[in-house]
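My questions will all concern the structure given below.
Letters A, B, C and D mark the chains in the order given here, with residues in each chain numbered from 1 onward.
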Amino acid sequence: MGVSAPPGPDTLYIAVVGGGGDLPRRQREVAEAVGRAVAQSGAVLVCGGLGGAMEAACRGARAGGGLTVGILPGGARGDANPYVDIAVPTGLGEARNALVVRAADAVVAVAGEYGTLSEIALALQAGIPVVGLDTWELGRAGEPDRAVVRAADPAGAVALAIDLARSARR
Amino acid sequence: MGVSAPPGPDTLYIAVVGGGGDLPRRQREVAEAVGRAVAQSGAVLVCGGLGGAMEAACRGARAGGGLTVGILPGGARGDANPYVDIAVPTGLGEARNALVVRAADAVVAVAGEYGTLSEIALALQAGIPVVGLDTWELGRAGEPDRAVVRAADPAGAVALAIDLARSARR
Amino acid sequence: MGVSAPPGPDTLYIAVVGGGGDLPRRQREVAEAVGRAVAQSGAVLVCGGLGGAMEAACRGARAGGGLTVGILPGGARGDANPYVDIAVPTGLGEARNALVVRAADAVVAVAGEYGTLSEIALALQAGIPVVGLDTWELGRAGEPDRAVVRAADPAGAVALAIDLARSARR
Amino acid sequence: MGVSAPPGPDTLYIAVVGGGGDLPRRQREVAEAVGRAVAQSGAVLVCGGLGGAMEAACRGARAGGGLTVGILPGGARGDANPYVDIAVPTGLGEARNALVVRAADAVVAVAGEYGTLSEIALALQAGIPVVGLDTWELGRAGEPDRAVVRAADPAGAVALAIDLARSARR
């Protein structure tokens, strides 16, 4: 957090969602780079507060001088990964996925399992933009659904997320 | 509900999820047939309690002599469609999607929008079997994800859901 | 449930709240009598689905031919007491107290601990009438708060709750 | 936030709960002084994020150089009062009262209405210490319940809350 100004009314909140367990090294690096870019853009990073992509993103955000918020499924603040600045233990179980998404102006999804898919879906249902990096592909009736905006790399994903968040706010 | 025995400890609960708005006639008929088959199997039908596929499924279940439970996003019981027997207004907004799924031993998804996709994902995350009828197609890294079991018709979907629910319980 | 008509749009839902653990015999008897009176009035009984006063109230309601709904804090339907007809496992922990209250047109509180106090408070906050039997006494600035309507016995408590629920609906 | 170090694993979170509407001047001053003392103790201030005592406490915390977290009932971050640094819109309605409490190591209650009473009760149910300033008085069977620790003034309340929070953590 260090040198950063406190968040104000114009500060954007970007959620980073992705797998919670042991990740392939590349996914971890991508999530970390996304977190760093979120911090460098001046946005607050929101996530589910646990390990895997959540921890990597928080580590990146901290390295980038940003503030991180972890919205935890359990009731204990101590479940948060060590790079979470503000931990919100909800005790809601996976119903907290809806809260991670609601807390954000845009979502960046990095790969991920079914929990990540639920967060992508809840964001799209709520009209919150989602940018994807190697994440779920969706289709209906044989046609791809293109609501998740694809990005080529972490910096591009965050730039897109920031742009989409600003447009959605206006 | 009429002639049916009260639910007991062995009664299965099957959630039917699908689009909430005006549906194409065929989707409505499919959802209604799914609801009827759920009732005829002796299971309790769980849904989100509103219109569209939820209402069609409840109408079918009632015609089939079954019991219907609607878990509503808002705080007013009166929001439930007229075929809901037991309405549970949660006031949780779309976080209630997680509750629809948790209340069920298996989920049948009929087509649907992003809310339905979130319910599919939350069920798969929780290890609850999902059977799909013309619903979302999922993929990762160019490979289809086959966790949603495809069915050819309403009766087949419910038979599959009942089988999968029984296996998951054992 | 047996002989009762299915719930319809005019059916009232009455929540019975009280202690969840081992209860003194008298509290158990009071809760059971409340449950029976709820059933005999034609209302659906809602509760938190666990033991203690919740179980006693459900047992009474079943003996009275009524329908019982248990809104559980955990994620497993099997946590419900054996007299719950419709179990809704929420996985929300004690945040489900708000849902027990929201599902009801009026609340009858039988003695109880802090969880019961939270349900009384959440009901009063939401404008849902609360009738008390040997339950919490509230005061502010040295003055008693009389929002909880006191009843002398189970039958009187349920009659009052039904009256207040009807007035609140109008 | 300004000069304060970022929160770490040893940082305490203190919730301040109280009435949300127009408050008598004295209550506002008390809540503001509580917020300032929380900040000066190095703890993070948690609250429900809206007006009244929540806003006064946040204003005090900001004046004291502290960090404030607002856990909102609605889904819009913009509902937060202007002194909330980190706003978490939950969309859960009053079920979010349970989250305000869970996020805290101790709770300071300043006067308040039924919502405040629910937060006091939810904290006591969860074993989280509660310190009261001119707040609800509780009794059962004609005997006062002394679980809410009474304080004489804002500084004393926060000192007590910090002590109790440290003891509860050990």
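Annotations for the structure displayed:
Keep this in mind: contacts are C-beta pairs under 8 Å (C-beta built on N, C-alpha and C of every residue); 3 or more make two chains touch, one makes a residue touch a chain.
Here the structure is a predicted model, which is why all the values come from computation and not from measurement.
Shared contacts of chain A and chain D, meaning chains that touch the two of them, come down to B, C.
Remark: among chain pairs A-B and B-D, A-B carries the greater number of C-beta contacts. Between the CA-based centres of chain A and chain B the separation comes to 29 Å, rounded to the whole angstrom.
Averaged C-alpha coordinates give centres for chain B and chain D that are 40 Å from one another. Those residues of chain C in touch with two or more other chains are numbered 75, 90-95, 98-99, 126. Contact residues on chain A toward chain B in their complex (touch as defined above): 92-95, 97-99, 111, 113-115, 117-118, 120-122, 124-126, 134-142, 147. Across the complex, chain C is touched by residues 1-2, 6-7, 9, 13, 44, 67, 69, 71, 75, 77-78, 82, 85-92, 98-99, 102-103, 126 of chain B.
On chain D, the positions that touch chain B within their shared complex are 75, 90-95.
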